[in-house]
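Sharing a structure below in structure tokens format, with a few things to ask.
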């Protein structure tokens, strides 16, 4: 169960209206790596988790914090829009290019659809979607996904930081940046602990027996581009990260197989099969078909 | 530039038709973590990369290999469909429930739309989409995304391994599993090398000065759920993973702020604002508006 | 801010596994009118609301309850999947058509992607999306949307009730049905109260002066189909529901206008404009263009 | 069957070009609550309706009118684009910021894709989609959806009215506003008539026996937020709107249940289950698996 | 304007219920090449057309016919569902695998969402979307798109023909096949007439001066795969189809250029740029940044 | 298999930065008819093709060239963004309307998400999706789709040509225009060759026996709009294009059928069926239902 308290985790008030920036902030609210994504991702990981205890407490606890981050951003966006020109004709002298630019750069649905409010979309107006999230039941894979989400998230907030000089907005962003710092560290710590405890190891999933994978190619670096420097990386020589193999470097594939012959499905799929002078065969096929029906 | 060679990287021929399994294989071809996703993700990372050399060679090389994996899966799917019952009425005795089940469990668009061929969709028929991929220009963040993609990918292939006993299919899967093993190791190695070289450190992005984030909360674990065990994890005490802070544990938020007052945008947004007995005010507003226009 | 308590609002445990039913339940979790939709819809209405007090308390309170409903459904789905055959080959005798039917009728991503867990999708595997929700800032319009959502939701749960005879599932559904009964009543009560207080009246938005709409046609029923019985309805005669007009009935449109002439945009849009014998003109245009460039 | 007449229901010609406004108008053509949505929604309700007569005549008649509204908007948009600067470099002095702002604020696909024509998208360029519509077969639920659609639609048109001072555009909008007034009234009248006739009552669906829902909680207001004013509303005390219960107010849930234990699906789902020191068990499981296969 | 007549263009009644087939029929109602697509495509072409007369009459006329085809299919689908088992538990003996297969193979949203009615989706439940349609303003390009749509459409209907032996369904399909035959012929005739009249020629757009394209490569066949037989086709030798060039065949590209150096955007984009030993430079950059802000 | 060479097919370097144009170029990279679409479309056609030889060599060869076109465009976009103002506050004097217009007209995700790089989206930021492509197995239908794609593509590039005066960009576009010229010619040549060889004829699919379609209406032009000029076209009289029929012209439909009676699905679908005075019947039904359960 979830309970709401009518307070924010941190102050979320801009100095001045800015409809164009409101649009940009939507990215970290409703984008691929926005706060809705992490809130939903952690919740579903909790509901699908197969073990009670510290890891499940962890995902539930952070999920709830993240809904509160959605709330801070939505609150901020509504305030950035509150007194901004939103395309109403009398907002300004008709031909003021600065106002025109604002109206051109804002999310017009902020005005037309939400009446000066936040929306569950990204900075290009793409609706948030359930396919952004990852909850596989395998904790090492999922904590990797979480660390990635927090890295992309902090990166985007850092970029947004330089796109405004509003002190109120920057203050909120400095809070979000700090929490993303914590959350990056946290998921990496959790991934490390999982491995220390032996619950999951590399490669994921670690309880799939490696003897059942093709052991000829599982530590080969195969170079399908003509650059020559990939051979210099740590991934091309020496022991593998999982400690179970030795990296080797190869130009191109070490295995090949001929393409199998083209498929010839049932004639009633009406694909093109017989070339050339196909019509005779086709006439025969059609007649067969009619007879069979 | 890309060049095609009419060979496969590995043998891709099933023992027998299986339309239901063909549908399942679509997940690792065109799903969120399928081969189209990794191919496109690595390509875009290459095109957006700001540094020449080993890392760019790496993403280009693996991207190209991954398109070949799409090809192997598409080839396999077409063969699994080739002689399978695809819903054609005379395929079998009308009321054979086994045939009915096959037809029920297959992707009907495999027959109706593709005429017994593969499609750029996942196992539920959702079209592949560009929002699955990540290419931020920040290599540590992106290599984390890549490692996640290969982990989720190997996990899905491992599950699929047990959903068939076709030796031809399993042989292909054992090859893909091995390559995913390599690719997991490779991206983690690349992420480690980036950090050793000092090109990127934690937290990402490392060249955003941490003095500009809120330094009160950037290593605090805040528990927003009522579970008690999250305090036992490595993320709740001791030095942080990035080596720059000390984790502390807290029940709930350490900061709060009142919600700002509701916004009151321009009356011509027609939001509901004045309660109760609002009609008098509204009448006045409307008159004002008409006067102004 | 949101806080999580590790309890459910109601018991959510099935008697027995049922992967096909798990898929169906996804509709009311992640479908157009599922619990994610109402949770997110009410939250955004709260964040965009322009007036403090009882209406804002209302949307925040119910939003939080609804996230808990997502949780109950996700918990139920994971349990329905726990011991169900999920397509693993050795689950059952190969050719058992009942098992085949189960596997055919389930959501295959439940197994391949989520490892026997719930997902943020509907019963056809379409990811939940932000475009399902409505938060316009106008409370009478939005409460109407909310009442609709609860009606569609209760209707779907009622249908699902008859698609299982599992007592555990039915017990949960009887709880959800009851809450939907309450929520339908609640939003209709809120809509009525808004109108009684005069905060919003019909037609929405009530503070747009009706003198600015076309007052010739604003209470006319115009019949564009050849059925004759629409004239018998309450919408075709007598006083209008908003009390501001008198319904009248008309066969077809009462106004018409000629279509304006086709547009002729700039030649460099390369639309087809001049017919016939257009080539001469085109040659001239092209030459002009080159000269201008 | 549908027949087209080459006239418009109302005059649809702007005074002057305005590419930015053309983009905004797309919202009410191809957005969530645009004219395509209502046309398609009413059509599908007609095709799925289980009773002949006045209600079916109603949905067919209005559906057809609404396609004509799509036509008027598309015609208007093409004209707004006809002579507008659409990004062609020589349209204006290179650095004229007003022209730049126009080009920045327009839908660039209007030029690149449609060659100065309308598109089946909303004001942010999101394609219209079938998931916007509602046709459940239950008329009271669906008429509620229709009333909502017309309210949101009229609200958006009212906002758009103030975003232009073009007399031709405003004239068209005043016509659309009037029709939305009628259609709001009409659907509410139809919903009232349905209830008077006893065909459907509240709560929807009314022929699901309320004895089968949980009668303890079906008229309880449960407050999951810490606001205190929701208790003052009509939804928290007194008789329910459907006349079948009595509202009561409660702080938080009146029922709770422990979360069921985490699920433990088949090991071949490769979820993380056993903690800590899981490796021993895993090794055993893997061996079992290999033996079984 | 559009008018509806409560008749169908052709009889649309099945012999018997078939929920699985109802799902399949959705493809040609709401799929990429279904009847909604062609109806909307032709309408938008009409609204965006720059010339009055026979071509515009053509697209308007056929568009209207196609909405009627949507209607026939929706009517058919509702009847196929009317008495079919839709997953209601008491529909049949619990363990009857034939019934289970039906329920597994149907579109479960037909029951849960539409209450046994048609939906605006394809055979996998993907909602119809505006991005399926093409209306560019260039008639030769668009008529080519139309011919393609009718070819794909007739192909899908032909496949569906063999997936049922219901005489009522087949009768409707034989009508749709015939109309697709006509429509294929019609669009090819229209494309031919456009070219005869000189309104548009190949290559499209014909009034873009070919002197402005790269005339070295505009009739070269460049072979990027290692197959050798493409040189035998009509596209590799002899006069080009547009009569303006001569096809030539080449192994691989005839032009190449070095990749430009990687980009180095502003440091505040936080991309990874300087390798190795980047930290020193980063520290300097960060300091600069702080100084500048 | 696919191999990458670190060269471009053609020079791709702009004279100067232009973030607004970078956004526009996304259309031909990741839009409905962009280079990702044709690359993927031709690949899937190759993988699903039922005949070896020249046609399969053709689709594989061109598919590979097209991935290289994606690469050229992505490379160009990254360079256009490299030194452009991307919304960073200190980029320019705060109130410079020209800079504001640039920022307003750019794709903000280019900066926030990709850090000044290209993305797999169109010019409105809609992610590329698998539903853009066509690969039916029928070569005549698919080559028609390919010709359409190349026509729409060349049309869009021609429009983009006039939206910049950057010589570097125009040079690249002149190359792409030339390749689209070739590809249009090529697919039309391939379609012609298929027909000459008798592998496929009109109407598609040609091996579906026309005796099984409704031969009364398969060459009738039926006019559902009130324009009179469609009768003048080549599609309304004379021999049909496929040489198998004679076009005739008709006002409106030549066939009609009454709408079948409304469906009455199972009462547990809770649709609205019985009007008026339905309540008595409903009560009976409900009782029946309870008894049956």
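For the reader, a short list of remarks on this structure follows.
Letters A, B, C, D, E and F mark the chains in the order given here, with residues in each chain numbered from 1 onward.
Here is the rule we use: contacts are C-beta pairs under 8 Å (C-beta built on N, C-alpha and C of every residue); 3 or more make two chains touch, one makes a residue touch a chain.
All values derive from a computational prediction rather than experimental measurement.
Under the touch definition stated at the top, subunit B and subunit C share these contacting partners: A, D, E, F.
Interface residue usage between subunit A and subunit F, two copies of one sequence, is largely distinct: under half of the residue numbers at the contact are used by both copies. When the interfaces C-D and C-F are ranked by how many C-beta pairs touch across them, C-D comes first.
A straight line joining the Cα centres of subunit B and subunit F is 24 Å long. In subunit D, 1-9, 32, 48, 53, 55-57, 60-61, 63-64, 68, 75, 78, 88, 90, 97, 100-101, 104-105, 111, 113, 115-117, 121, 124-127, 129, 131, 136-138, 140, 155, 158-159, 162, 165, 205, 208, 212, 224-225, 227, 253, 256, 263-265, 268-271, 293 are the positions where the chain touches two or more neighbouring chains simultaneously. Interface of subunit A with subunit B (complex): residues 6-13, 32, 53-58, 60-65, 68, 75, 78-79, 81-83, 86, 88, 90, 111, 115-117, 126, 129, 131-132, 134, 136, 138, 140-141, 144-145, 147-148, 151-152, 154-155, 158, 161, 174-175, 177-182, 184-186, 188-190, 192-193, 202-205, 208, 210, 212-225, 227-235, 240-242, 245, 247, 253, 255-260, 263-266, 268-271, 292-293. Residue ranges of subunit F in contact with subunit C, taken from their complex: 155, 158-159, 162, 165, 268-270, 293. Partner subunit F is touched in their complex by these residues of subunit A: 20, 23-24, 27, 31-32, 97-98, 100-102, 104-106, 122-126, 155-156, 159-160, 162-165, 224-227, 252-253, 256, 261-265, 267, 269-279, 282, 285-286, 289-290. Interface residues of subunit B, counted against subunit F in their complex, comprise 1-9, 30, 36, 40, 43-44, 47-48, 57, 60-61, 63-64, 67-68, 70-71, 74-75, 78, 113-121, 127-131, 133, 135-138.
Put simply, subunit C touches subunit B in their complex at residues 1-6, 48-53, 55-56, 87-90, 95, 97, 100-101, 103-105, 107-109, 111-113, 115, 121, 124-127, 136-140, 194, 197-201, 205-209, 212.
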